[in-house]
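So, here's a batch of structures to check.
Paired with chain B in one complex and with chain C in the other, chain A is shared by the two complexes that follow.
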Partner chain A sequence: MHISEGVLSAPVLAAGASLSAAGVALGLKKTPYEKIPQVGLFSSAFFVASLIHVPLGPTSVHLVLNGLVGLILGWAAFPAILVGLLLQALLFQFGGITTLGVNTFDMAFPALLSFWIFGPLVRSESQRVALLGAFLAGALAILSAGLLVASALSLTGEAFRYAAKAVVLAHLPVMGVEGILTAFSVAFLRKVRPEMLGGSR
Partner chain B sequence: MDEVFAEGLSPIHRLDPRVKVVIAAAFSVVVALAEDFAVLLLAIPFPLVLIALARLNPKAVLKRLLVVNTFVLFLWFLIPLGFRGGELLSLGVLNLSKEGVIWCLRITLKSNAIVLGSIALLSTTPIFSLVHAMRHLRMPDKLVHLLFFCFRYVHVIEREYGRLLKAMKVRAFEPRSDLHTYRSYAYLVGTLLLKSSDRSRRVYQAMICRGFEGKYWVLDHFSLRRGDVVAFSLMAAWVLWLGVLQWGGIR
Partner chain C sequence: MRWIVLVGVLLPAVAMAHRVVVFPYWEGEEVRVEAFFSDGTPVKGGVVRVYDPAGQLLTEGRTDAEGTFGFKPEGKGPLKVVLEASMGHKAEAVLEPEGASEPVQKAKAPPEEVPPRVDLKALKEVVKEAVAEEVRPIIRELARREVGPSFRDVVGGVGWIVGLMGIWLYLKSRRPRGG
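Up next, the complex of A and B:
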């Protein structure tokens, strides 16, 4: 979920922008030049993946996969997500210049967390541990993204109390879908290209 | 995923992209931080004038606005509930508080103004020109190239996705809410990532073959014409005026 322009207060926007700027700067520093084309194409692939709608009961949800982004890209998740969101803002006016920082942080920080916490599990010898780790990475990355969006709203004002709660509630069913999708994707990559799950350190 | 508004011969389309990026950023920031209704009401005509000058299709512009306003609508339902007291209207559990309505009105104006501004200035520029302009505006090299690669290949990968999906449909794939569907989509995503990774290796090798040494050169430069300077001054004056009205203490 994106927060639109014109919603958040100045301190929240500023905090989001500085946190994301730091994350992006570090991510770029840890990405050598020869990796830039690869990270760029992964951004395009995840951008396309986010346009996929999968059925969920009577409705459908679009994929986010920020957990998988983290598992594959590590620190490069920050610049990759920033670029994806910037493109989305330019192409469809989802989000925009002033909310770019907050929206990037909301998605990229959980990605980085799943890289730190679940990266080692996903690379484990045991298939069962790897799949469980991948499921948790996918599910918790969505939950934390939802919680971060909700806190950005609540920090803006008491007025957003219900909106923040609704945002978290809306993320709950998506957690399961994202967990399952991430686990199957990891199973697939472990079979065909295990080195892609190395992340960039 | 097309750049609907990017083509055109209007004065807005021909403006120097650097001018557009700077003004769009300044306008967004001023409007996002403004609180005063007078300022917000004076902010709305700014992009409208530009959109009129750019002769954009009004229907297409309205369609773009629909997306933001669904999020805004969601807030209209939830924000007024967040306030206690000062009811304008009380319908059992539903309290429409005055303060809540004011919040919502302000957000509606801000969101629409900023989105209109970015349609007027950014959408009327091809994305490659914007990336180029960001390069000139001292955005970090690596980030500019990341943006370049991402946009350059996003359509290629989208076509790849279309082909894979077609192949699945030919094999009678029908999306449902079950594990089989989720597994199929996950393998689809995995294949897309795999193909992107392989393609990026080929792209990089091709770059090396053409003498890439870790530095990208900008070959063509923008040149600021007199019209650009005039347009920049006029637009900057409007944005500055909004800022002064909001924070200048003049009433």
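Up next, the complex of A and C:
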């Protein structure tokens, strides 16, 4: 999911950077004081998740956790993911500095979508609905991130269908793993810290 | 919190992922290129392009199932090797000319001695080949070693996040709360 340096054209990089800058600004503004530690926590989880390799499928893929990050943080997913990606780029050489904007948007926008679409489900009275919502949030956030990566690549020449097929196929196992992981996390949080899922507060 | 414990439990099983590495090296007159993801998985079918210092494309090919690609360059290089894997992964490396392959002529025997019964040049080739064969696993090991993030990187990164969080908390705490 990390697009490397020198792959994308300048306009794509600029567009990604400005979209992400807007998202980060909104995220910083909308985050209440009490929620900042959670942002740090989930930023760390996102940062470390990229090291957890899923040994299935045709190429090398890893966990992203953007669905879970989005469900908990909402708009604050933008700054959380930006910081995670920045440190991954600096310390692990994953992705790159120039592609930071595009990569942030590719992962944080699906996070926001999962917050909008599945947030209400996760807070539902019914445990079953909540778990299903969480699974879908985790899995679909990966799918949409993959499609965004493919679109970014296709804007710079690679044929969309080919790129999308490669990215989505490679991430099918991750979608399953993340769906399950997100469902477990939500089940845990509902029991232990329901206020973290928002809504009732 | 328990999340941190969960992450801590997962960490030992961690394999490193998601960066591609391209590692070219000389094998006699030929150049072998190894390409792999940072968790050690070979990059299958990655596009390898080789350029001379002037930026001229010399050769192009795809890596095999083991993530390797071999070619025989015209000159001695330096060569720039660029790897493009799918999904926006790209890496490049510069291969310096191989110094050791310059013909060394100082071992010429004085004319009055009995000429050696073995062909020195052929012997040298054989030795070189054997050494290359033996050294290959070491080169591969070296290539893989420069790859993954260390535990220190991970701890350092998490520390940075905590620090940034502290700065953010501090900045917000100077304003009236509730925003």
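Everything below uses one rule, namely that the second predicted complex is superposed on the first by the 172 of 201 C-alpha atoms of A that agree within 3 Å, B and C clash if a C-alpha of one lies under 4 Å from a C-alpha of the other, contacts with A are read in each partner's own complex, and residues count from 1 in each chain.
Operating definition for what follows: a residue touches a chain if its C-beta (ideal position, glycine included) is under 8 Å from a C-beta of that chain, and two chains touch if they have at least 3 such contacts.
Remember, predicted model here, so these are calculated numbers, not experimental data.
K.L.:
Identify the partner contact of A:Ser4: answer first if only chain B is touched, second if only chain C is, both if each is, neither if none is.
P.N.:
both
K.L.:
Applying the touch criterion given at the start, work out whether A:Ser50 contacts chain B, chain C, both or neither, answering first, second, both or neither.
P.N.:
Once the two structures are laid over each other on A, A:Ser50 reaches chain C alone.
K.L.:
Check the residue A:Leu87 against both partner chains and state whether it touches chain B (first), chain C (second), both, or neither.
P.N.:
both
K.L.:
Just chain B (first), just chain C (second), both, or neither: which does A:Val24 touch?
P.N.:
In the superposition, A:Val24 contacts chain B only.
K.L.:
Looking at A:Ala159 after the superposition, I want to know if it touches chain B, chain C, both of them or none. Which is it: first, second, both, neither?
P.N.:
first
K.L.:
Quick check on the superposed pair: does A:Leu13 touch chain B, chain C, both, or neither? Answer first, second, both or neither.
P.N.:
After superposing on A, A:Leu13 lies in contact with chain B but is clear of chain C.
K.L.:
Between chain B (first) and chain C (second), which does A:Leu65 come into contact with in this model arrangement: first, second, both, or neither?
P.N.:
first
K.L.:
In the superposed arrangement, which partner chain does A:Val149 touch: chain B (first), chain C (second), both, or neither?
P.N.:
second
K.L.:
Residue by residue on chain A, keep only those touching chain B in one complex and chain C in the other, then list them.
P.N.:
Shared contact residues on chain A (touching chain B in one complex, chain C in the other): 2-8, 28, 33, 36-37, 39-41, 43-45, 47-48, 51-52, 55, 83-84, 87, 91-94, 163, 166, 188, 192.
K.L.:
Along chain B, where are the residues that touch chain A in the complex?
P.N.:
Residues in contact with chain A: 1, 3, 24-25, 28-29, 31-33, 64, 67-68, 71-72, 74-75, 78-79, 81-83, 99-100, 103, 107, 109-115, 118-119, 122-123, 127, 130, 140, 142-143, 145-154, 156-158, 161, 175-177, 179, 181-183, 185-197, 199-201, 203-204, 207, 214.
K.L.:
Which part of chain C faces chain A closely enough to touch in the complex?
P.N.:
1-4, 7, 10-11, 13-20, 37-39, 41, 43-44, 84-92, 149, 153-154, 156-158, 160-162, 164-165, 168-169, 172-173, 177-179
K.L.:
Touching chain C in the complex: which residues of chain A?
P.N.:
1-8, 28-29, 32-33, 36-37, 39-41, 43-45, 47-48, 50-53, 55, 58-62, 83-84, 87-88, 91-94, 149, 152-153, 163, 166-167, 170, 188, 192
K.L.:
So in the complex, which bits of chain A are touching chain B?
P.N.:
2-8, 10, 13, 24-25, 28, 31, 33-34, 36-45, 47-49, 51-52, 54-57, 63, 65, 68, 72, 79-80, 82-84, 86-87, 89-94, 96-99, 157-163, 166, 177, 180-185, 187-189, 192-193, 196
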